[in-house]
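This structure is in structure tokens; I'll ask about it shortly.
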């Protein structure tokens, strides 16, 4: 694990703070009075056993589901109040690869660019190149392997301008060299004052970027 | 509004890519309509009296049966989460999905219904009102059905349960439409019924999307 | 207004103040039922048209009114549960659905039993009976949805949304069913309205209607109280109560 | 008293409907009471374990 050493992090404007978060699944309490705070340039790695509620916590942070108790604030404002502005700054890649298997890789990437327009105007081919699928652009996604599907869903990392990345097991089903690519992409994001919250079961090397482990 | 068009474009592209699935409600409609003469009796005046009701009930069931297509595939592969997290009013997302569903399921039914009505000796001079009532009411069916589907999205046995929840709300649509057709069969004034159906469409188009957004929040909790 | 709702809505406080109300309401219900039944069955004169069979009205009409009243209170507690996220309101929705469904079923059964002497058939597609039947379908929908979720809280919130959509649609359904029945109903079949209400008949009817309301509230309180205990079982105040009990 | 129970020939209808209504209302109360007992028993077992 990268040694956690706090650079003199100049206090950037963005800050995500969670207070007394409680979450229930069925009638069982998953976690209670959970607190954390994350500021620009930092990454938070959530670790915990299976079923500890990692994915539920991520979904609460994105605002997809409401916690039973507690508040999450983005720049000191409750995210429920500023949902639209918060979601503009948010990139969420969940457990499921949100890729339509009926469409080809090219069409899926076109949809990504259509829904999340980014000022980096690279073409579909460049994007496909960065996820290593440029020869399979016109292949229907139903014939891709799980790892390749995961690559298509991670394509957003390369064109995203959002500040806060929330990634649920980004390295799942990926081969070794693409893991390196994702780690490098994460490091660039953190270097440019971005923030990231991610869950992972295997180690992730974030270079000298500030990151801390959050145990659930 | 750009969000509305891109989601509409995406859904219609997916619908075209799944053409075979789109045929199911139409085949269902054809089979069930032809069951009635076999089940009841091929006698002409009995069938022509029953025709509006049979056509309408079958069209209603065909739409209800294919309501699943609206959110189910997006929910299962995780893309509905991404769409819900898009900045922008959620109402546009819901509106686009319902319009896409109506275009891919409702319209083909409207095209097929008059043809099938000939099998039931449907009085041809009332064909116009059959098409008009279907045009006004099938969007209402999609709107109301979307609430049922959104509520039962996270349940395994969601499909059957959502039909059970939504059928009572279809009753006014069924009653006014069949009365409109019967009125035009006896060449009575029909505009009153169309106005009521239109009002029902406008009210549900304005109120239902909010219920669907709340229902999706519940399904994701 | 907010503190009021949160204070009275909190499970602990609700459990305390509802005990007294429940006892009082049970007493009132028994008194009213006794008086209403006595008036209705013994004192009220026989109806010149329908003879003795009209006495079914003293339970049929209150049950029909109750089926609407319970659905409305279910929708209102649904709104409270969704907007202010009050735990007790969520429990009330589930309980209202069951009680409302039984009232609607009673209204239907007594309606059919009353229809037989009047028209010779148990079921008549009359506007009132048909909308009662549709209301029963709505109740089944809410109950089925409520019990389909394994997390009771999400189940309650889903049922709340359905109840709110339902309450908006009920007038439309009633109106369309009424229009439909007047169109298809040949005028000869006697309209299903109440016989001309002489004062001595009206009083027992209103007394019974009020008795049904207090019965509903008392039953609702008792069921909600035990459900609150079940839901809050790992909280401190429930453990205290358990020590006092045993 | 006998003609009171005859209800002018409609005895069957009047008394069956009153009977059903009484049965359902009492059954509801009975179910509520049973539920209350069951929950108290559960909670008591819970508090004994703790």
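Letters A, B, C and D name the chains as they come in the text, with residue numbers starting at 1 for each one.
Criterion: a contact is a pair of C-beta atoms (placed from the backbone, for glycine too) under 8 Å apart; a residue touches a chain by one contact, two chains touch by 3 or more.
Please read all numbers here as calculations on a predicted model, not as lab measurements.
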Taking each chain's C-alpha mean as its centre, the one farthest from subunit D: A
Chain pair showing more contacts of the two, C-D and A-B: C-D
Distance-to-centre winner among chains (Cα means, whole assembly as reference): B
Geometric centre distance via CA averages, subunit D-subunit C, whole Å: 16
Inter-centroid spacing, subunit B versus subunit A (mean Cα positions, whole Å): 38
Chain centre separation in whole Å, for subunit C relative to subunit A (CA means): 49
Mean-CA-position distance for subunit D and subunit A (Å): 57
Subunit B, residues touching no fewer than two other chains: 221
Of all residues in subunit C, the ones touching two or more other chains: 151, 153
All chain pairs that touch each other: A-B, A-C, B-C, C-D
Residue ranges of subunit C in contact with subunit A within the complex: 150-153, 231, 234
Parts of subunit A lying in touch with subunit C, wherever the complex brings them together: 24-27, 29, 68
Of subunit B, residues touching subunit A in the complex: 6, 10, 13-14, 17-18, 76-79, 81-88, 217, 220-221
In the complex with subunit C, residue positions of subunit B that touch it: 147, 151-152, 154-155, 157, 161, 164-165, 167-169, 171-172, 175-176, 179, 200, 207-208, 211, 214-215, 218-219, 221
Of subunit C, residues touching subunit B in the complex: 82, 134, 137-138, 140-141, 144-145, 148-149, 151, 153-154, 157-158, 161-162, 164-166, 168-169, 172-173, 175-177, 179-180, 183
